[in-house]
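Below are two complexes that have chain A in common, paired first with chain B and then with chain C.
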Partner chain A sequence: MIGVGKIKQYSNVLDKPLSKGKQEVSLSAFSFLFSELVQYNQTQVDNIAELERRLEDAGYSVGARVLELLCHREKGNRRETRLLGILSFVHSTVWKVLFGKVADSLEKGTEHEDEYMISEKELLVNRFISIPKDMGTFNCGAFVAGIVRGVLDGAGFPAVVTAHFVPVEGQQRPRTTILIKFAEEVLRREARLG
Partner chain B sequence: MPTVGPRSGDAIFANVDRVNAELFTLTYGAIVCQLLTDLEEVEEVNKQLDQMGYNIGTRLIDEFLAKANISRCVDFKETAEMIAKVGFKMFLGVTASVTNWDVEGTCCNIVLEDNPLVDFVELPDTCQGLYYCNVLCGVIRGALEMVSMKTEVTWVRDVLQGDDSYELQVKLLKQVPEEYPYKDDE
Partner chain C sequence: MIVCVAVVGHQNNPLYIQSFTEADDALKLHHIVHCSLDVVDERVNNPKKSGPLLNETFLGLLYPTENYKVYGYLTNTKVKFILVTTDLDVKDADVRNFFRRFHAAYVDAVSNPFHVPGKKITSRTFAERVSTIVKAFGLSSAG
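The block that comes next holds the complex of A and B.
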């Protein structure tokens, strides 16, 4: 047969048609890959904070690209300009595309005006990971925190995003909370927009 | 009662938990970028990707054997068919085929019809020698080593480097018989 196994050549990767986003790979393939990412970074750092930062940076580049992809494909190139809009974009659209379901909850912080929390009973990336006691509060969800930071930054809502384990009564594994702390300018702009 | 035969790649893939391929693609891209920043030399990155793949392969083989329900492969030809038809399908959801067998039956090429690792990817001029998907070579090498086969897996054709398909060459170097770890007379 002519052409079997040959992929159509595009001179420019930008000319290739964008996929519908329905293709899937097995969870194990992703988990193996993620575990290698963590293991590789462990060899490159001396402490937990560095490791979290590196995972976050890796997630940041994923987030920046996810924003571009989803804005184009799911939202027809319209961009969110309001805080609640972008938060609900992350909580619903981004989570649904990346993890197959919307995030478990989105809450506003009670203590500070600029804090919001997205919680998840069990983050996909943490599913096959157990943290040894001597690593303290290390959370591989830092990768997801990086993804969220990448999306928010690209959309014009700079923020500091971190991942935390929150123990839940009656549950053996703690819940993961992604804490988003928006920069001053975002809140000022939001107040101005009324 | 008929024994349960080997399950097809499609059937297994339909039964495992799956994630969006784009998350996988973008995560792999982030890994390659990190490696390029840290190691700077394209050859070093190639080696590191192969090593990561090797680590994955040594663990992936357990899952493969558990889910695929296959009996021992009679010869290397069957092994290659298993990798192409079942292995690639159940982990990456892609169809692959085996071609180009040599006379002794120890060396073949596997052609991938699709490659989720390379969506959205273009190699810049500074990275021309990079085998972006080198992790796949390591995975196959690692997995086969765990079942007593020493192999050499290399890229023959790579779309990112200008060819028209993704083609790997798998060469069986030697079969290492499993060593019985205990002395018989003790």
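The block that comes next holds the complex of A and C.
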């Protein structure tokens, strides 16, 4: 619930309407908190893989709770049982609640049946982060990957979720892609449901 | 009169059981809740064509025993809410309303960062809210 991408910006906070509205947190507050989270974890680990795993674990608990909250608040009485259903739920509803807009795109992987990709031109959490050269392919989007994994796991679709940078010509900063690889049993169940 | 409410996790482990009468044996209520889990699983895995949709959360009356009625509700994360009541003429809308408020209290309890998913719910606030909802249910259906 970050105040980014609002249609109408109020120059004066006193002009904002008094209606309840949705809760929003300022972008700078969240960025500071996230940078502290990364820095704290960096002092606790020795290598990059461990750092990525810790960020992902932090995101996992967020994802589990977000799923409960959203299902109660937005979804009314429906429970997602189909693969495409849960993917579009993550892609639009979850993204909208967390980042204020839907994700840029949702694609199906071409090499494997069980891979799907959600891509975003600039992940909100990465907006004020630049990775030093010696950290290689580390991506703070591991936090968002953890959130997606928490949501999918809670809904009954176990998956391995990772975040990658995909360089795009014409753009200075590379695009971020969240790669979702579903477990065997999900595909079997999906095939059985027809 | 609501006799007992229970929250059961997705691996059928109990997360919260609370009974609201002193008269009845707590063990018997636990047993009733446990049996109703089988009915829930059966409803979820073998949907009747004429029954509720596969992905509906409110499961309705699970089964009536000698003097109890058991209602079930399934959330998106396979967490089940079980309600045991002795009323004979409970309206469907009342039960749905009850489960909606119960779900809200449950979501608030789970959002606690110190709550470990899969462990019992130890929040006192949750217990108080549940008691309030149960009392309100008793009043609304009596009137």
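Here is the rule we go by: the second predicted complex is superposed on the first by the 172 of 194 C-alpha atoms of A that agree within 3 Å, B and C clash if a C-alpha of one lies under 4 Å from a C-alpha of the other, contacts with A are read in each partner's own complex, and residues count from 1 in each chain.
In this text, a contact is a pair of C-beta atoms (placed from the backbone, for glycine too) under 8 Å apart; a residue touches a chain by one contact, two chains touch by 3 or more.
Please read all numbers here as calculations on a predicted model, not as lab measurements.
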{"item": "Chain B versus chain C as contact partner of A:Thr81, first or second or both or neither", "value": "second"}
{"item": "Which superposed partner A:Arg54 touches (first chain B, second chain C, both, neither)", "value": "first"}
{"item": "Partner chain in contact with A:Ile129 - chain B first, chain C second, else both or neither", "value": "neither"}
{"item": "Contacts of A:Val160 with chain B and chain C, given as first, second, both or neither", "value": "neither"}
{"item": "Chain A residues touched - chain C or chain B, whichever exceeds", "value": "B"}
{"item": "First, second, both or neither for A:Arg65, with chain B first and chain C second", "value": "both"}
{"item": "Chain B and chain C contact sites that coincide on chain A, given as residue numbers", "value": "61, 65, 69"}
{"item": "Chain C residues within the chain A interface of the complex", "value": "10, 54-58, 74-78, 103-104, 106-107, 110-111, 113, 117"}
{"item": "Interfacial residue positions of chain B with respect to chain A in the complex", "value": "13, 16-24, 26-31, 33-35, 38, 48, 52, 55-56, 59-60, 63, 90-93, 97, 99, 111, 113-114, 116, 119-122, 135, 159, 164-167"}
{"item": "Touching residues on chain A, where the partner in the complex is chain B", "value": "4-7, 9, 12-13, 19, 21, 23-30, 32-37, 39-41, 44, 54, 57-59, 61-62, 65-66, 69, 97-100, 124"}
{"item": "For the chain A and chain C complex, residues of the former touching the latter", "value": "61, 64-65, 67-69, 71-72, 75, 77-81, 154-156"}
